[in-house]
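Okay, got some structures for you below.
Both complexes shown next keep chain A, but they swap its partner, so chain B is in the first and chain C is in the second.
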Partner chain A sequence: MANIDTINKDFANLFEQGKELLTNGSSNCMNKAREKAFVQFQKLGVPTRANENYKYTNLIPAFDHPYNVNLRYMEVDVDLNDIFQCDVPELDTNMVLLTNGWYYGNNKTLTELPKGVIVCGVQEAAKKYPAIFEAHYGKYAKPADDGLVALNTALAKDGLFIYVPKGVVVEKPIQVVNLLRSDRDLLATQRNLFVIEENAQAKIIVCDHTLTHHKYLSNAVTEINVATNAVFDLYTLQNQHLNSVILNSTFIRQEKNSNVLTNTISLYGGTIRNNHHVLLDGEHCENHTFGMYLMDKDQHVDNFTSIDHAKPNCLSNEHFKGVMDGKATAAFAGRIYVRPDAQKTLAYQSNNNLLLSDDAQINTKPQLIIDADDVKCSHGATVGQMDEDALFYLRARGIDEKEARQMLMFAFAHEIIEKIRVEPLKDRIDALVDTRLRGEISKCNTCAIACKN
Partner chain B sequence: MLSIKNLHVSIDGKEILKGINLEVKPGEVHAIMGPNGAGKSTLASVLAGRDLYEVTEGEIVFQGKDVLDMAPEDRAKEGIFLGFQYPIEIPGVSTVNFMKTAVNEHRKHKGLAPLTASDFLKLMRDKKNLVEIDSKLTNRSVNEGFSGGEKKKNEIFQMAMLEPKLAVLDETDSGLDIDALRVVANGVNKLKTAENSTIVITHYQRLLDYIVPDVVHVLFDGRIVKTAGKELALELEEKGYDWIKEENGK
Partner chain C sequence: MAKEEQDKILDEVTQSDYKYGFVTDIENDDIGKGLSEDVIRMISAKKNEPEFMLEFRLKAYRHWLTMKMPEWAYLKIPPIDYQDIIFYSAPKQKAKLESMDDVDPEIRATFDKLGIPLDEQKLLANVAVDVVMDSSSVKTTFKQALAEKGVIFCSFSDAVQEHPDLIQEYMGTVVPVQDNFFAALNSAVFSDGSFVYIPKGVRCPMELSTYFRINAENTGQFERTLIVCEDDSYVSYLEGCTAPMRDENQLHAAIVEIIVKDNAEVKYSTVQNWYPGNKEGKGGIYNFVTKRGICQGVNSKLMWAQVETGSAVTWKYPSTILKGDGSSSEFYSVAVTNNHQQADTGSKMIHIGNNTKSTIISKGISAGKSSNSYRGLVKVTKNCEGARNFSQCDSLLLGDKCGAHTFPYLEIGNKSAKVEHEATTSKIGEDQIFYCNQRGISTEDAIGLIVNGYAKEVINKMPMEFAVEAQKLLAISLEGSVG
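Coming up: the complex of A and B.
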């Protein structure tokens, strides 16, 4: 196995040799950030387990592979609109496709978006809307804080840009479908920027899919700014194959009186690392951070979350739940900062895990750093087996053991699904989770989840 | 209908039932009384198939079938119903879904097609009226946030839905006020036929004013030490268990 220095050196070579391709077509703003980020990456490298924040996820095997990297947009030889159709007709959305981290060139025009709403590629947005773009790009995800952010910023050329202007309410959710489709093993870098202005409202549903069996590593960074009084939902559905690595870093900044709900649902994937950062940067913000993971076989998921109460009078409520079977491993870290001025903070956090096998493992760690005195914080973590008394109660009514277990697991998971604020999506996820908990693979449409075992 | 012979049951190596013999014929109502810790709930749980307990000796035959090898769900489908002394709360499992699954499992066992949604709802409505249980309760998760009395009513509601051949009601009367007691007893009586049998486990004579037993047993220290007619319940009510304890040398 290669050591971390070799991996980091390979990236340095890629950066130096690919410089022309990297800068070509990118805006000055992105290229400037790129240079600085690369310097940071050279200091930080790909995080290893020596880094306290990555103690439970070993990224070396994920990176130690001869991936292909596309430093420019590759034309797609088929019409992805035909290949991929979301198989939930009730889920009426504004759908936009990305391929291997790039905004898909043949996306259909979204005719139902309200006036002023922009949905396009990041590369395009940087050039067409520099004022908006430059006000936010690189402002929330800091390369100096994390090697993965540094690497992303150094290599990122495209991704999705969404802008919802002041006072505009986007009724229909925007569905972002990230497709990984390649004839070779691939490392994809994706950089998203969502800007939700004052009094605006939007809901975004992100679906990650793999369309071929190749080994994928996706290093994505999403920056989101939610301005005063805005309401924003982000649902992320991770459903990829066992040979894929998802590194998903999300940075959300909230301004005063804003309301944000996120729900990160990891259904399937080889290795998943979610870095979820929330900065409550104005008074009276409300933040709900939910997540669920259903892991079996040798799957691994690590949810690293940080909620930063920088201003007084904000509420945060975080709840992650996991069902673990086989030899699956999971980690949850819940960091809550309450800054010195952030009086009257309410911060709640819990992480509950259901272990179905003796070999499954979970490391859960709350971490509260509280520098104000008038605050209410609570945290709790549980790791347990299935409740035998409840199981017997159901069976004593004639429900067979398998179904009774299923009902209890589903009940456990449903608490998180219930929080989804898009009805048809809730029903859809209920169904996906139900099949997933039956030990089957919940396939969406053309997904190549079922991997050679 | 039910025949228990020389049943010995242990938990963690400690013997709790020490040779129980019990015969219940179709249509009969049996009452089992006895002091705390005598083993009444243990007997009920073993009948329903709880695997926490180890049967070390003896047999249980229900309608000609040896039930000791059967899973709890199979016993339930054969017609054994346990009304729990402490019904458990199951957050997240809706009562409707729970009952629909249970009823349809029973139907499948009998070779019947699942109920349609509307037939099922009608069945729910009828049985709810029978046990005077509020829709507010059946619209919630199983027993979640129910009061003690509501949980007991819910047991009778489930019994009404499943129409068992043998109902074992473990202290269904405790914690009930007098009106609830009447409702529960009425429910049991209305479901009574010449074919099905009931075992009521209770500490109180008052339930037996409503559900009149054919036979009363006293369970003491893991054994049935006395069996008589319904007058035994009155005697126990009056004199307590001390004389039983003395007779049995404790």
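Coming up: the complex of A and C.
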């Protein structure tokens, strides 16, 4: 096994040698951040298990592979608009495609967006809308704290940019489909920036899919700023093949009276690591962070969340649930941080896990760091099996054991799904989870190119 | 009720002085500052130890040299200069004493102030005391009554001389020398401690207790306790600590090892009230303790109960390895921090045997500018069937400058395990105080009432004499009128 130093050195070489390609086409703002982040990366490196925050996820095997890196946009040989269809019935969305971390060149024009809403590639946004872009880019992600974020900032060239201006309500959800499609093993670096202005409302659905069998490593960073009184929903559906590694770092900053709901559903994937950071930077914010993971085989999922109550009178509510089978391993870390003087904070956190096999492993780490006194904070974590009484109740009513277990598992998962505020999506994910819990692979069944699971 | 008034009372309540600060003026026999292989050889030679002990110490020291001080705890500790510490100190008069009259009057006065039942009246209290004054055992009582039952209760150094086979068999089996930085340091330089051996089928007729006291200035006390409980035996062991007021930080790194065999039961209770430093956070004891027990036999039982009110820095995680089928362990803790105290404490439960059970109840109380963290691990190994754990960690905040943190780790590898963890953090509710006020109870008394009620669950688990002292300590830590 290559040691971590070799991996870090390879990235250093990549950065030095690819510098021209990296800076070419990127705005000054991005290139400046790039230089700074690279210095930070050299100090931090790819996080190892010695790093307390990565205690339960070993990234060395994930990085120890000769990946190809696209430092410029690669044309796609087929029209993805033709072959990719999202089949969620009645789910009418504004759909944009990204391939391998780049904004897809042949995206259809979104005609139904309200006036002033911008949806485009990050590279394009940096040039066309520098005022907005530079006010937000690199302001929320913290490359100094995490080697992966530093690496992303150093290598990122493109991703998705969404801007919702003041007072605009985007009724139709924006659906972002991240496609990994390549004829070679690939390392993708995606950088997203979502800016939701005052009194605006938007819902974003992100679907991750792998289209070819190649080994992928995706190291993505998403920065989101939700301004005063804005309402924002982010749903992430992760459904990749076993050979993929998804590293997602999301940074959300909330201003006064804003309301944010995120729901991360991990259905399938080789190694998934979600870093979810929320900063409640204004009074009376509300944040709901939900997540669910259904893992089997050798899959690994690690949800690392941090909710930072920087201002008084905010509410945060966090709930993650997981069902583990086979040799799957899952980790959950939830950190609620109440800063000094963030009085009247209400913070709840909960993590529940069902273990279905003796080879599965769950490591959970709910944490409270509280430096204010007038707060109500609680957390809970459970690991266990199905309630035998509930099972008996169903059996007594003539439901066979297998079906009864299925019903209970589904009910367990449904608690998270029902938090979704987009009705058709909720129904669809219910169905996907149901098939997934029956041990089948949950494909979006009418899509022309079935995802390679 | 007015918030200002409530704050004022809280302030008063949390600003009392350390009541046990005094220095006993006895000549000390120390070996000067610093740590090296020569120092270790000197300690071993002074104590007239057999060869295996010296080897054990040197092995630990060599390993310690390769280690770094752990930094993961939620503590801010200034760097410690290990060459600026005296690693061995013992009161000079070493002759064995038969009766109380022979004990140095100053030492006796010290213990009287502490209220340790050392004199003959303690027979009525049914307590045998092995007093560790700094690093050397001064007097052991009730040895004979215990000897009749076959119970061995003596200082560690005596045990090394009189029962080297037992020491060699059990020392370092629960906490190996490589275990952690402070365990390695202790293994290298430990000066004394207690040894308890309960033979098969014996129910120890009295509660065993030791009183540790750090006395000589600049002396780190490195004591080591070893408890071995054979099949079907039972012992309740009490450990209590107070230390005099000092300006310089003093280092304390202890090891406790407990071995519990088939159907045996051990209760280990601690009251820790070392000097926490003054109100500006100057001075105070650095308390780095490795406490670990192994429930080796089937249906064995180990209970930890602790009240932690002292020390500037506490780093302590009493843990149990549940190896025997059907074994169980409980951990009850009240940790109080005030002024600039820092505590990072909790428990580890490692489930290996089938149908093992564990309970963790931890109550943290933070006041002043202190920081109080719970850190715990519940681990269920892959082949452990039917494990059950319940953990509850509550924090109470008194004041807006203090912190309460919770860092539980749950690592579960077997589907039959049932593990629950819950934690809450809050301050005393205004409605609770209002309720008391309404019934004619002053706010000050109400706070005392609520704090005591909050800690009751833990204090109830302590032996009677200790429970009384524990309540007193809670009161002293948070001021005289509370409690």
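Here is the rule we go by: the second predicted complex is superposed on the first by the 443 of 453 C-alpha atoms of A that agree within 3 Å, B and C clash if a C-alpha of one lies under 4 Å from a C-alpha of the other, contacts with A are read in each partner's own complex, and residues count from 1 in each chain.
Note that a residue touches a chain if its C-beta (ideal position, glycine included) is under 8 Å from a C-beta of that chain, and two chains touch if they have at least 3 such contacts.
Small disclaimer: the values here were computed from a predicted structure and weren't measured.
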(request) Could you let me know whether more residues of chain A are touched by chain B or by chain C? (result) C
(message) Let me test your reading of the model: by the given contact rule, A:P340 touches which partner, first (chain B), second (chain C), both or neither?
(response) second
(message) On the A-aligned overlay, A:E52 touches which partner chain: chain B = first, chain C = second, or both, or neither?
(response) second
(request) Report for A:N31: first if it touches chain B alone, second if chain C alone, otherwise both or neither. (result) neither
(request) Would you check which partner chain A:T212 touches, where first means chain B only, second means chain C only, and both and neither mean what they say? (result) neither
(request) Check whether A:L408 is in contact with chain B, with chain C, with both or with neither, and answer first, second, both or neither. (result) first
(request) Tell me which partner A:R395 touches in the superposition: chain B (first), chain C (second), both or neither. (result) first
(request) Across the two complexes, find the residues of chain A that touch chain B and also touch chain C. (result) none
(request) Enumerate the contact residues on chain A facing chain B in the complex. (result) 387-390, 392-401, 403-404, 407-408, 410-412, 414-415
(message) For the complex, give me every residue of chain C touching chain A.
(response) 72, 74, 380, 382-383, 395, 397-427
(message) Looking at the complex, which residues from chain A come into contact with chain C?
(response) 52, 340-341, 343, 353, 355-385
(request) Write out the stretch or stretches of chain B touching chain A in their complex. (result) 48-50, 52, 71-73, 76-77, 81-82, 84, 87-88, 90-93, 97-98, 101-102, 105-106, 109, 141-142, 158, 162
